[in-house]
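Take a look at the structures below.
After this come two complexes, each holding chain A, first together with chain B and then together with chain C.
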Partner chain A sequence: MVGYVIRRCLALVFVVFVISVITFVIMYSVPGGPFEERQMPLQGAQRENILRKYGMTGSIFERYIAYVGNALQGDFGYSFFSPTERVQDLIARVWGPTLILGGITIAISLPLGVWLGILAAKHKGSFLDLIINTFATSMTVIPGFVIAVALILTFSARIRLLPSGGWGGPEHLVLPVIAYALGPTATLIRYIRGLTLDELGLDYVRTARAKGLAEHLIIPRHVFKNLMIPLVTVFGPTIPLILTGSVFIETTFRIPGLGQYLVSSSVNRDYPMVMALTLIMAVIWGITLLVTDILYVKLDPRVEL
Partner chain B sequence: MSKQKMTRRTFLGLAGMGVAAGLAACAAPTGRPSGPAVYEGPATPAVPTPTTAPQANVLGKVLPPDAAPLDKQVMVVFGGTPYTLDRFISMYQSSGLTSPYSLGLVRFNKNYDLLPAAAESWSPAEDGKKWIFKLRRGIKWSDGNELTAHDYVATFQLGASPEHAWDFAWYYLNLKNWGEATAGKVPVSEIGVKALDDYTLEFEATTPAPYLPSQLIWSVPLSKAALEKHGKFYNNDVATSVTCSPLKLTEWSKDKRFVLELNEKYTGPAEMIPWYTKFVSEVPAAIDAVTAFQSSDVLWMRTDATTGRVAEADPSLADQVYWMYGDFRTYFVGFNFAMKPFDDIRVRQALSMCFDRAPIVQAVAGRGGVPAYTFLAAGFPGSWENSPEAKTIQPFDVEKAKQLLAEAGYPNGQGFPKLEIPVTPIGGQTASLIAQGFAAEVKNQLGIEAEVVNRDWRVFIEEVRTNRAAAVWVDSYGMDYLDQSNMLGVFTSNRLTNWNNETYDAMFNEAAAYAGPKEERDAKFYEAEKMVLSQFVICPLYHERIPYLIKPQVTGPGMEPDKIGVRGSHWPDDYGLGEFWFTTYIKNM
Partner chain C sequence: MASTASVGSVIGKTVGSQIAISGGAFGAAWRRLKRNKPATVSAVIVILLILVAIFAPVLAPYGYDQSNIQDAGQFPNAKHLLGTDLLGRDLLSRLIYATRASLLVAFAVQLAALLVGVPFGFLAGLKRGVVENVLNAIVMVFNALPGFLFALFLVTALGSGIPQLIFALMVTTWIGYARIMRAEVLRLRNRDFVLAAQALGAGSWHIALRHLLPNSLTALIIAVALGIPGTIYAEAGLSFLGLGIRDPIPSWGKMISDGIPTLRLFWHLILFPLLALSTTTLSFMFLADALRDALDPSRGKR
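Up next, the complex of A and B:
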């Protein structure tokens, strides 16, 4: 196991290197630069001054070498659009709200989705099943930002119970967490319901019942274990997405998080931010997939790495 | 049609429903839910507390009788939190309610009269190449230093510094040695901005510049002492921020908000003191920001034309939508003079004359656009947009357009290359749709295949303006300062278009430098603009109007109509401590 983890970590380093090269080349190949202003195109000395100030002179190879050299020393440069702070400081500042929002969302959607999915399966065909299914289907097909706007109109504009956005107290978390959690919860409900129904029809459940095991103990003692591997498969990849923020949720609710930078950095050609965010995403995905693989082994001894 | 008699029971039932609905409607504005409220927005409508005695803020400005209490005089706007609020640090990235820490030399009122701010007076010298500005005495920075000419000189020298690489450096290229200084060829001390003494500033341009006082709307200085002590970002920290404006920084939370409160040490012009006690600039929601406005979380916000039209159609918002000039931006079709067949004036004429602006602009933009027949919009100095002549230069005349196209060798569009028309993204949906209207007319009337392509802003700039790779495009320009020399200067050689015409350059330079009577100067610019239009350098499409949403509790002289009847905030109120902000207040509702 230890050898496997070390091999995967080394592979991850290689993957990050390849991604950094690809991103760097693509970034500088896209038409339009970060300092093309809407009034007058920068020309002559003014243009040269800005390019020099932000280290955009020299060949792409020279710029990449300089970037990697600085990055290995922990210096990811300055954001072009927030040049008073280094990229790593900016990311550290804005990641906090994203992690809080994402963490609470995971903490709510994971148990709620599993519980409601199992509940719907246990009461298959009942009115409760219909309600849960309708809810899950609706929340799957309605885009998150539509839900977000509906929540703001209802709870902020109409009854003024909660703020329409911003970041500060717990009241600022309620609407974004609801809007953010509904999608993953709905996905989990539908998935877990289907899996549970499959499991409930298998021989080992019939055996458990035949042996007289109480109905309310069958799922937690026997079925739940078998749900874990597909659960990890489905929910694992959701975690990096949630932890790196949703641009829709963050911009709709004015949350000073990382998600908005994922889009604005690309649109604004903020190269240092694009590079740092891409590398962070690569590392998080790599770690998530590694942890997921390790969990497979822990959950099912038949799996070998 | 049968008439149904209303019974007493039906009447009472309906009346009861009506009363209930009325009560509900009356209850709504208070913002009080029936259940326990756990949150009160920062700018809920003011509680109607009658004022019994005149209230004065810390700077002694007495509130009008109908004003809400002092603690409710909080203006919350969607202005964002740019990384700097100092225009000389960055012009293009300091969007929002900027330049709140100091006083420029001049300012505009809502009628666009140029008024003194920190300057007391100004006068030209040496045939208009030099301008002497006398500063008011006794204006103090919050650190106790006096605002002097040396602050302005230090600020302009920073702007010209190659190391600073100011993104707006091109704006002052007309100043003596400015270009040379930004290129590092001469020291910044050589630029044409000198302190003759503590209270006298001298600006020297390379040519006579009667427009220079207006150009100096962007002359908001940094504190020389603070620059030397804390560096150029000293205003990003409450602890080191220094102000000589009526406002001071009290909170700076990047990506959340910044807060400005009245500066009790203010010693500048009394007429620039606001009634507000606090300004809060929140980060706007990128998606559906109007919901925050509806929630009263902000009282003032700028939006786009599409949203403005939607808001106008909403009875609860219709009376809170104000359409403003913005920066007098004009959208136009541009032609590439280096590409055939657009070097042929008959082709440009044909394309321009097949487009019937008025119905398309009206249908697409509503109040968000005014059909353009000239480049300078009505209300801009020297504009002749509303004159009868304006519509005669590029008239809508399909038959003539077809004839000209045939004469140019393309009867019914045969053999004409397919047009791919990039459109500037800053005009949003409105510009894109009007561009599509233009393309449709070109196709339907002239038989030329034309397609509009939406471009990312930076791709558009590179393709259209830098590389000159597009044949025909839709672009726009809005003013940087209020003078024809700014707007019409974009048609001089190798600037916004590649129509390089020495005659026009000479006409423009003569008009820009003319220091005689205004009427004569306007006449010279009229001839220059007429040349642009009659040479079909561009085909003007529409003049943009920007919608603002302003809550009804915002009132005062600033909300009264200007001299041509336009109400609300005026350029450059988005960007500075303009008249709107110190002539409005929050009234009791």
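Up next, the complex of A and C:
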């Protein structure tokens, strides 16, 4: 087990290294950028100073070595579009709102999705099942940005109950969390419903019934444990995505969060930001997959490393 | 064993015409599929959408960039069935051309991803030693890339437009096909019919194309069917952000984002593209679900 974790961590270091090289090379080879002549006409010495501040002098090889050297010491350089702030400070500042939003979203959608999914499976074919299933299916196909706009129109524009955007008090959280949570909840419902139906058809459920176990105890005592394994492998990898924020939700509700930067930095060619965000995503992603696999082993005694 | 291999190779030649044969694994799948009502409806919608995409220039009453400024902002009426946008362009025509763009991207991405992923999966499953390690390392790196964000990064680096979009989405899609193909090869590699072919002196390309590929078709068909709505969704998202399909070619995602500022007044500008996008992804998803249930009866009744 320990050996396995160490091997996986070494693999993660390798993966992050390769991704950093790929990102760096793509950024380097794409023409244009904020300091080209047309964007920022500067004289020789000034230009050199600016380029030096952002670590844009020398060959690609030298630049990469310098970047990695600094990054390993926790310094990711300056953002092009926020020149007074270092990238790591900027990310630390904007990640807070995203983490709060994402955390609440997970805390709501995970239990709700599992509960409604099991409920639908238990009453398969009933009116309740039809309602839950229709809701889940329509929520998986309607994009989050459309739900966000519809919510603002209803609750902010029409009945003026909640703010249409911004950040601060708890009232600013309600609509974004609803818009954000509907998608994952719907996916979970569909998934859990299918899995529960599969499980209910298996022999161990029949055995449980045959030995006289009360119907309402079959799912919590037997089926639920078997749902945990696929739940971890499917929902686990979506957690880092939720925690790094959605550009659609954050722009629509004007939330100063990380999700906006994932897109805007890439569109604005804010290379230091892009680089740092890519590396952060890769590390979080790798750790999540590792934790998922370890949990998988812990939950299913048949699997060995 | 031999019979599944032969059925597979028959299907491999012409899926469309052979699928209706009664008897055989695919014949049974076809009958299961026909019994599934939502799947039948979805299949009809999907076929209609494909026809709309192919015959867009014939079906569209106006051109997609034909603008008539005195007709701007009309609600649905007899002249413009779904109304016009704020530049006076016919909404129905734009939706029809958007279907074409969306499906073109979706199918092209799956095709390109298959062309890269399937040979890669073969190699990863069949080769040993250094090749295997290198391929595994590549898989590991691509697994660690968050799909949508990496596609977004690529599109911003390459510039927007349909070819760039297809490339960017292919880069984030092929790894799934490679993984499925590799798993199928590992599953089939030591089966009797493969060993028999090897004993008869068949080369590895012959085995790959005549024995492994036909027997992996089920898994690949399901993966492609699930991949299409995913790609449509990703394309709409990128276009919504203004990074996908470039003006003047219409795209559902772009039409939705363009409609948001004037949503309270001109509701039709956002409603119809939204309906088109949702209907399309929903139909493809239902069809994929049904295909999976039909082709893989071991999954049990839902």
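Basically, the second predicted complex is superposed on the first by the 287 of 305 C-alpha atoms of A that agree within 3 Å, B and C clash if a C-alpha of one lies under 4 Å from a C-alpha of the other, contacts with A are read in each partner's own complex, and residues count from 1 in each chain.
Convention: a contact is a pair of C-beta atoms (placed from the backbone, for glycine too) under 8 Å apart; a residue touches a chain by one contact, two chains touch by 3 or more.
Owing to the predicted nature of the structure, the values given are computational and were not obtained by experimental measurement.
Once the two complexes are laid over each other on the shared chain, residue contacts for A:269 go to chain B and to chain C alike. Using the contact criterion defined above for the overlaid structures, shared-chain residue A:42 touches chain B, although it does not reach chain C. Of the two partner chains placed around the shared chain by superposition, chain B and chain C are both touched by A:157. Residue contacts after overlaying the shared chain place A:248 against chain B and chain C alike. In the superposed model, A:149 lies in contact with both chain B and chain C. Once the two complexes are laid over each other on the shared chain, residue contacts for A:74 go to neither chain B nor chain C. Of the two partner chains placed by the overlay, neither chain B nor chain C lies in contact with A:3. Of the two partner chains placed around the shared chain by superposition, chain B is the only one that A:260 touches, whereas chain C remains out of contact. By the touch criterion defined above, A:167 lies against chain B but remains apart from chain C after alignment on the C-alpha atoms of chain A. On chain A, the surface touched by chain B in one complex and the surface touched by chain C in the other have residues 30, 145, 149, 153, 157, 248, 267, 269 in common. In the complex of the two chains, the chain A residues touching chain C come out as 11-12, 14-16, 18-19, 22-23, 26-27, 30, 137-138, 140-143, 145-146, 149, 153, 157, 194, 197-198, 201, 240-241, 247-248, 262-263, 266-267, 269, 274, 278, 281-282, 285-286, 289. Every residue of chain C that touches chain A in the complex is listed here, in rising order: 137, 140-141, 143-146, 149, 152-154, 156-158, 233, 236-237, 240-241, 243, 256-257, 260, 263-264, 270, 274, 277-278, 281-282, 285, 299-302.
Residues 30-46, 49-50, 52-53, 81-85, 93-94, 145, 148-149, 152-153, 156-168, 171, 248, 251-254, 256, 260, 267, 269 of chain A are the ones touching chain B in the complex.
Chain B contributes residues 28, 31-33, 35, 37-41, 44, 83-84, 92-93, 162-167, 169-170, 179, 182-184, 233, 236, 253-257, 282-288, 291-292, 294-297, 426, 456-463, 465-466, 477-478, 480, 495-496 to its touches with chain A in the complex.
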